[in-house]
């Protein structure tokens, strides 16, 4: 697959370089580690620090969400690979204001180990209190009985948004973690892939699909999904995703949700809105109200084709977090 | 090419439907014409109306830019086809507050004819004063001596931003047009295509490129560019685009510009930032300051691969317009 | 020969069918020097016209009104470049047969001249610009001259179609100076202009129609 | 037999080269049940190690320090799943040979046992989970037993490698219960685990190294 890059081994460094230059008013790179980026803006004294991170290739995830109202810092990994403990630890040190730091990341073996090691080091070596909340929103990744095994996909966006707002409200570490965990346990996602992406270093497609096929439930790194099938209409795809989501989480008539229709990379906005159209119809039929909608590329997989649908059940507190304004390089909400 | 759609003939209607449902707090559809969308927000009395429009398939262009600080309404065409005069006229009637309406669109034969007819009808039948400013930013589309023949590509974003701010400042019609024209005459763009898009109705690629080829200077609808060549590195591509742009417009050492690195649809943000990185280097070498940067998908061509670089030379007035906050469904600037 | 309101509608339906057949070909031509949608655009427009013909216009007896609504419907459905162009053609044609249900050959000639010239005016194009005007202008000139000479509509129209065809084919060797393809400069040489081609088909379909009508009548 | 600091470095360089050769194969394995990057990740990590070996570590005589820095460097360069896993292995190994420049066979056995057990602890995985532990655990068990029996390092290590190979191959028929592939459930059956494979290569490369060293010595 064609890529507009220089040397495949430098893509992450060069992306960061470009990103820093484009958004120096938002973000700065720590001298200690070039994979450690922290907000360049003034944040409130005593605010709990929000640290996000994960592999590269998911932009706007994750560096795009550092700014007012979301994260205070990000540790940047190689493409589709968790960052190592060192950049995580450096960000932790830089953003701790004495109130501790909350790590938000997806439930992947690599992230669990690296963030886990960093948290231990922060505690032991730096005496910084660290809380963690993991995203496990992908209903296709494990049965309900093994919820804790599920991976995090686009729902991470809602978790960042909720926890970021909570930290901004002045919540303490325990409460920020509580809100993040509530956001996660109220959130479900599922995706469909139409075309693969390829790693710059291998150039090989992450999975194979025939011209008339799609993959249901695939992961955000091209991990095989739960089934391959013929490419269906946008309405059928939305029906399937929403059905599986609503089977997994009880949302009663009259309750309200936030919806995210997330593009995986190369799927035009036009198609995302066509999917959203059907998602809205389905929720309406169930008497479920949509409190807020997000449609676009929020957490991508390089140039993968397809989309995911995320639904988060809202209570009053989560609504407040969704309303909270955000000002990040790749996401602004007034 | 695979698309997540229902019936190809309904894509524009279904996209609009989804869009209206997702953003009903921003935008409403006129009962007179379902291709006529206007802002749902309160705008200042006596404000000059800003009307944008063009073919579909360029999302976030153009409907994504209706909202505070940019456009008051949009006329939506079929895919890659100008809207007809009727929806333009209906939007004109809906957004005129007595101070007249400014049409902003790209310099394409179809748009010129349809917007021209609508402007005539607005004047003759509705007695609404209409001004127009056309984007002609694509340096690859005609030589400098025939500037007026050039087509508009991603630079349209800057023109919307400048004119939208001017209208918000309370400028009268004449001055809004003046600012829009200044923005256009200070703006240059050029793009490169790596992979084609396909119209939903034909499914055929808009152009053919071999696995190791790129197309320099191609149009935003897959119109052939100025040359096909081997795929080059991001740095070489940026060098070429910036060189052609700076040869076309005199920007002196110490002057400041706004920069837009625009993705055509399927090119990941990672690659856009890698291109931006080089653009910044080149401008720095010339002693040109970057006042503001935009990197992302601003005006796309369905799932086309590639990007364009846009540079707008700024004076004090244009800087003020770039600083002006915006709140649109697909673009927010604080 | 006379053309009734029914005839006009039958002719327009022939166009609807013809466009469906030529859709891919017209897209293919447009892919070479434009944005690849000309067949799709024509199809969207004529499908919208079809819908009108089958409904509101089903009982309409005023040929001018039919032509006017065909133009407007086409325009509203497609916008694009060809929306204003063909719409202007049919609307200007309608003017020449105002309030008429049955149209005789003098009026028919006037109709087609207004059609061709309306498009030329709307597009501000000249012969040689590599547009549909390269089909329409020679067509109109020939129709006018030959009809004046012979007063035989079908004969004159046949010769005009030959001129239209030649005009269409001439676009192959031209450098485009109007529309989307004008940015290609020299690289537009070697490809037929899609609009010149669809214009030829529209004009030629009328000849097919009147010839078939004559056969039926005789 | 004794292993010097130079030997450690030579062995690590053999790994660097081996990984470059196996990179595509490891990616291919990972594409089937993971995200396709295992070869790339290993390569990034070992290239970073290579750089260190050629520079800061060029004159280093402390084998423990070398192993420690190899682990840390690998971890910092890759993160990922295998970063913490292999890094823990080399760092725990380093502990067993603290302050030593030359390592004798007793220590070497301790080194490899600590390597294997460190990884197992870090990953919280058991034999049968379809991970590198399926290679490492049988390897460690066999090495420990056989060395106790014979006190012959190369003989014991050779048998351990055979057990490692069997363990690696056993992953083919397993359902994954750890890491990225665990979400595939039954569909992970039929594919070798990429980490089990790279672990086997790393262990086997040490056998190649010591055998070559023995030949040279004799």
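Observations, loosely collected:
The chains carry the letters A, B, C and D, assigned in the order they are written, with residues numbered from 1 in each.
The rule is short, and it goes like this: a residue touches a chain if its C-beta (ideal position, glycine included) is under 8 Å from a C-beta of that chain, and two chains touch if they have at least 3 such contacts.
Quick caveat, the model's predicted, so the values are computed rather than measured.
In terms of their C-alpha centroids, the spacing between chain B and chain D amounts to 54 Å. One inter-chain figure worth recording: chain C and chain D are separated by 76 Å, centre to centre, where each centre is the mean of the chain's CA atoms.
Chain A and chain D have Cα centroids lying 33 Å from one another.
For chain A, no residue reaches two or more other chains under the stated contact definition. Under the stated contact rule, the graph of chain-to-chain touches is a line, running from one end chain to the other without closing.
Applying the touch definition to every pair of chains gives A-B, A-D, B-C. Note for the complex: chain A touches chain B at residues 2-6, 11, 14-19, 21-23, 56-57, 59-60, 64, 192, 194-195, 211, 214, 231, 233-235, 237, 265-278, 280, 290, 293, 295-297, 300, 302-303, 305-307, 327, 330, 332-334.
Against chain C, in their complex, chain B makes its touches with residues 9, 55, 77-86, 108-110, 113-114, 117, 140-142, 149-151, 199, 201-202, 204, 206-207, 219, 221-224. In the complex of the two chains, the chain C residues touching chain B come out as 24, 27, 31, 33-37, 39-41, 43-44, 75-85, 122-123, 178-184, 187.
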